[in-house]
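Okay, so chain A shows up in both of these, paired with chain B first and chain C after.
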Partner chain A sequence: MTRPHLTLALTLAASLGAGAALAQSTITIAQQLEPPHLDPTSAAAQAIDQVVYANIFEGLTRFQGDGSITPALAKSWTISDDGLTYTFTLQDGVTFHDGSVMDAEDVKFSLDRARAEDSTNAQKALYAGITDVSVIDPQTVAVTLAEPNGSLLFNLAWGDAVIVAPESIGDIKTAPIGTGPYTFTNWVQGDRIELSRNPDYWGAAPALDSATFKFISDPTAAFAAVMAEDVDVFTGFPAPENLVQFDADPRFQVLVGSTEGETILSTNNQQPPFDNPLVRQALAHAIDRQAIIDGAMFGYGTPIGTHFAPHNPAYVDLTGQSAYDPDKARALLAEAGLAEGFETTLHLPPPSYARRGGEIIAAQLAQVGITAEIINVEWAQWLETVFRGKDFGLTIVSHTEPMDIGIYARPDYYFQYDNPDFQALMATLTATTDEAERSALLAQAQQMIADDYVNGYLFQLAQLSVAKAGVEGLWENAPTAATDLSAIRWAK
Partner chain B sequence: MGTYLLRRVLSLVVSLALASVVIFAVVEIAPGDPARFMLGVNAQPDTVAALRAELGLDQGKVARYLAWVGGMLSGDFGTSYTYRTPVAQMVADRLQVSLPLAGYALVLSVLIALPAGIYAAARRGRPGDVAVMGATQLGIAIPNFWFAMMLVLIFAIRLRWFNAGGFAGWDAGLWAGLHALTLPAIALALPQAAILARVMRSALLDVLGEDFMRTARAKGLTRGQALRRHGLRNALIPVLTIIGLQFSFLLAGGIIIEQVFYLPGLGRLIFQAISARDLIVVESVVMLLVFAVIVVNFAVDLAYVAVDPRLRARS
Partner chain C sequence: MTRTLILGGLLSGLVLAMALLSLIWTPYDPAAMAIPDKLQPPDAAHWLGTDHFGRDMASMIMVGARTSIAVALVAVGIGMGLGVPLGLAAAARKGSWLDEVIMRGNDLIFAFPSLVIAILITAVFGPGAINAIIAIGIFNIPVFARVTRGGALPLWERDFILAARVAGKSRTRISAEHILPNVANLLIVQGTIQFSLGILAEAGLSYVGLGAQPPTPSWGRMLADAQTMVSLAPHLALVPGCAIILTVLGLNLMGDGLRDALDPRLRQVRR
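Now for the complex of A and B:
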């Protein structure tokens, strides 16, 4: 029993008080929203992935913190010359948390389940191009596509494509069984979820024995919980105005990274007068992005000029094309025959980027003669009226799905951009596997939607996290919703 | 007596039936689809349809209403759309926080209010009375969420005596549970105590002017003895009525305090369920609360009859 002495010594050396001995092997992580349930393959809630992704569940491939895609349950793969068949070789010795062996049958089951007729997978469209999944031997599985798809390995890394065991599906929402480095132990609904280290994990053993996720939605309560050191980490901290204070406090570190969230002033392209490209261009020039970032996000966020993440290598900076220029905006409106301005609606969902940003945008639009009536809505209302009903003029929303420029190829998507050239471009992109060619096509796509001024492009949402000073390995960026526990450790 | 009881039972049943229709209608009218909410913006229409079918939302409103009411009559409150957990179990879990919190706040409120009210009444018009009344005025005026934040700032962040929020559960022990609920209970109790103290004071002052009090003094009781033996007992009737009202308010009305202290209580459950359009949870929880209030009223009605002979004679 030398361990207590060691911990005692460490405690004294660090003079951190009574909690420190425990803190070495466990961590309490807070996030704003509680997952509705724990099945990442049948809901879009990011809160689910924030708890389970890469911790409880793993897919064939996975996202790393820098956004790259690496092998996970698939050790390696080969792609047929026609680009239609991907043959995956699985990792050896992988077991589910219930002790059963993970093999090619489970992969087939999981992918077939995601693309099935009655599937409730929120990203079913990503896997719709798969025509067949066949088991070659227990360690090898072949995925056949209808057409080549350069994004397949990326799509398989999403939390929606994790490998699940057929026998555990019945209880997956409350007692998830995966292959990951952590097992689910307990969920006190409304309060916390506890995970503990999986002793039989196939990969490298993580540093932490256990982790607790807590759910604190109120920004003031979030501030208090961090200040009182009730939690060790707060990912996606909801009150950017408090970050300066944490940064100045030696007890804490502030992490500012990027997310996949393009925050846009979404515009109903079919509703007059927004069906006129001149009006949309006027809108773009009427907006002062930096004022919105400073006013609504306290300076956190990167301006964007198109629907693409600035940290992506294929990103093209097109902000200059829609630079703040109210005089030009007024001239464009006059050219469109709307010199007197017009009235429209601005639907604002609950997040502060929308509510605070919306007030600022409404004021900026007023400067050029556009009267935007602010309508505050809940998410459920937003989905019903704006997204499904398309009954809106303008709205502010952050599109958080990674690499989602493809939504502009869907004419029935709520902002209703219908450009056959763009749709053809996306079809070419999907069929292209060469990286350099893909980048060129993506640049073309970014340019096309910027030229058409489809939406007002505001800023890339920042990923803001606060942690105690001794926490290492936290993801700074959020290439996907995740809290990768196996990367986290306490500084010695 | 028999017909009176029958009438009361009948009115109870009619009230509950009406309440169920109103609750169902209001919740269903609100725009928003639970399946769409869960699947987000990338989901295909057929995926949403598949989930709606899985949740039983593809059936007509009347069929769903009948299924819901039928289930409740047999003790089945349905299964949450989002959590996929039986509503009855969720409510039972949340009551483990909300009931003790309401009880704790009520005890604090009574412990503060009654002595303060009696003290003020006994010193009517003197500086002690003015001080207590001033304090209660302040207690009513201060919003409880602001007061809660101040408590957190002082006792959790500065002094570190308490956690800023959260509730570890009763498994961690009675003391740990009470400790976690102390700041929220104080925040909830303060405005209630202020109201109660004022009610106590005015009720006692009313009684002090009654003839039987003068008689008691005339019999030779001291002022204090008369107050304790005859004054308090009669003054407690309106105070008890207010305490009863406060308890049901504290049980359902702690939503904001539960948010500030991120407690997994009933209020937060309703709040989350409304924003996620978890219709069945909203309907069943609100129905349970209505049921509780109606049954308490029914019990009070019966108690009046038992206590007051005039009511019995009339029926």
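Now for the complex of A and C:
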């Protein structure tokens, strides 16, 4: 009688053990926003890159978790003496997920597509300086520039410059085919995207067999999902107030890193009274950054005094120049002829840094006599009225693109800062390849926009992630929007 | 006076008193932030604690009561102001095309879930207390029109109305002078109930961000703000939640009590 029972017990134990082992080779990662589609080369949506970057698609170069740029599909490169021609040697034996070989023709196709006249690439401007991409042999491709560009290798690492194949480009938005360590398997709209390991990957095989990306937009649901262990990781956790509870719970680890997100009180520089630099300076002194960081982000975030990431070596700390000083703000307003204060609008998109930060800023502005009417908007509405329509006084938004100080050289950009000196400075910067010189120019640029008080500079957004205790290899910082699965593994 | 009426009156009166008092005095400025003092539990300095910006919850509840009452009161006013005349007119011309038009129009509005339409209205015209009032008010119109018509129809069959008609009074005058006073008790009861529903609707709209906009304190938005902090500082949700419950409970009890006190038939049964 005992024997069959023992067998049964053994079988049961074996299957349970197998189940446990299986669970450890897969991971469920949650993020707040669902991608609109899966083509990183035709949209700015960060959610796309968070799923596909370095997992499904790869570029010639890539970002590492520490922000450095390393070779990816390009094994090595040489730069001509005049700095105009980059010759890339590609990795051997790279195939797309559909089995076709990745060669120089695909690189030419991808880069030509990104910089084409009718390109819908969100960062088209980054690749506009490329005049020619020519195939030398299947493993070698030459990129020619109109003028030297010190940030080409950096620009090519963006998700917007990943290598795609002309054969599979038609279905890229729903069935992406790249060269990365993971292949796209399934997308349940509104819920999750599933990836599985690419057995033919050219590089080192990743630890996880498969991964599921889940999309949970509601902060309360996000908290519940992590607490119930429905998800293993939550990247970009939307409710900073809950982190203290995860931190105290031995089941979880909390990762606090930096992002490239400069969170700013964007000011319509062409709309009176903000066309007066004195008024913008008054705004800057009316804002108490630390109160915003504490109140809206529960202490997570680094104050900034200009549009630049504090963890970048070229960063200059200019927070002192716009220190909180309501008396000075009132005096500046009086000097601008607005001693009685004025009324304006404050458009707030959904994230809590904006909604909560906006309430705090409105209260702070009220202290110096500025009445800011809060208008809560959804992202679509924000893009329509603020970003494209430029119909706003003030708004709060985090500019998450890396090294994006160049937006100040675009007079038609939504905050409409038009300074020919700054535009000339950016042109000089683009043409400069020497690191020390570039740092000096960047410092000058940071100073210039701080002197002009273009926007209210609040804080650098923190990258807040929660994971189960056994998860290793997660990016702490977010040098670009990405969830690099190949680095992630479960602790033994 | 029944116990229901007394209890309901007390609760409602308390809320009303709080709202009126907030016009001249609150413990703190409800908009004054003190971020270092955030999420304090109730204590002697802050009777109901502080919220996530360090604002005094007691002051916010008091001013929030004002917002709720103002929205609900005006919404009921709109409903009564338009609904009662419509109901009287429909009853006066029972069976005519006017009656049909009014009552089918009512059915049309009734056919839509009120909160969904309120969300639609605020989505189109923008969020804010005024639009919330209009949205809630529109849905009060058919309620009052129906109650008025229902109450007025049997009256038209009564002898004293017949006498008035024989005396040569116009239907409009009869409606105003004889019908309206006799349906007033119904309207008061219905008004109390609609008032409590209005407070709930305002809280609902504010909760989804379509009611009164910050910095105006509103109970519904206080609840929404508390959502992610419930486990951190439960009083953030409990305080506005209890305020809404007690107010609505009070108004409903008062409505029940008033009905008992005013309805002659119920009165006879009790005797």
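In the analysis below, the second predicted complex is superposed on the first by the 472 of 492 C-alpha atoms of A that agree within 3 Å, B and C clash if a C-alpha of one lies under 4 Å from a C-alpha of the other, contacts with A are read in each partner's own complex, and residues count from 1 in each chain.
We take it that contacts are C-beta pairs under 8 Å (C-beta built on N, C-alpha and C of every residue); 3 or more make two chains touch, one makes a residue touch a chain.
What you see is a predicted model, and the numbers here were worked out from it, not measured in a lab.
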Return fit or clash for chain B versus chain C, each positioned on chain A through the superposition. fit
Who does A:Asp137 touch here: chain B (first), chain C (second), both, or neither? neither
Partner chain in contact with A:Glu476 - chain B first, chain C second, else both or neither: neither
If you tally the residues of chain A touched by each partner, is the higher count for chain B or for chain C? B
Using the touch definition from the top, say if A:Glu437 reaches chain B (first), chain C (second), both or neither. neither
For A:Glu167 in the superposed arrangement: first (chain B), second (chain C), both or neither? neither
Which holds for A:Glu384: it touches chain B only (first), chain C only (second), both, or neither? first
In the superposed arrangement, which partner chain does A:Gly190 touch: chain B (first), chain C (second), both, or neither? first
For A:Ala45, is the partner it touches chain B (first), chain C (second), both, or none of the two (neither)? first
With the two structures laid over each other on chain A, which partner does A:Thr220 touch: chain B (first), chain C (second), both, or neither? both
In the overlay, answer first, second, both or neither for which of chain B and chain C A:Asn242 touches. second
Rounded to the nearest Å, state the minimum C-alpha distance from chain B to chain C in the superposed three-chain model. 8
Overlap of chain B and chain C contacts on chain A, residues 220
Once bound in the complex, which stretches of chain C touch chain A? 31-33, 35-36, 38, 52-54, 126-127, 209, 213-215, 227-229, 231-232
Residue set of chain B touching chain A in the complex reads 30-34, 36-44, 46-47, 50-51, 53-54, 82-85, 90, 93-94, 97, 149, 152-153, 156-157, 160, 163-167, 169, 259-265, 268-269, 272, 275-277
Which residues of chain A touch chain B in their complex? 34, 36-37, 42-45, 117-125, 173-174, 188-192, 214-218, 220-221, 224-225, 227-228, 230, 350, 378-381, 383-385, 387-388, 399, 401, 404, 407
Can you list the chain A residues touching chain C in their complex? 219-220, 223, 239, 241-242, 244-245, 291, 294-295, 356, 358-360, 362-363, 366, 373-376
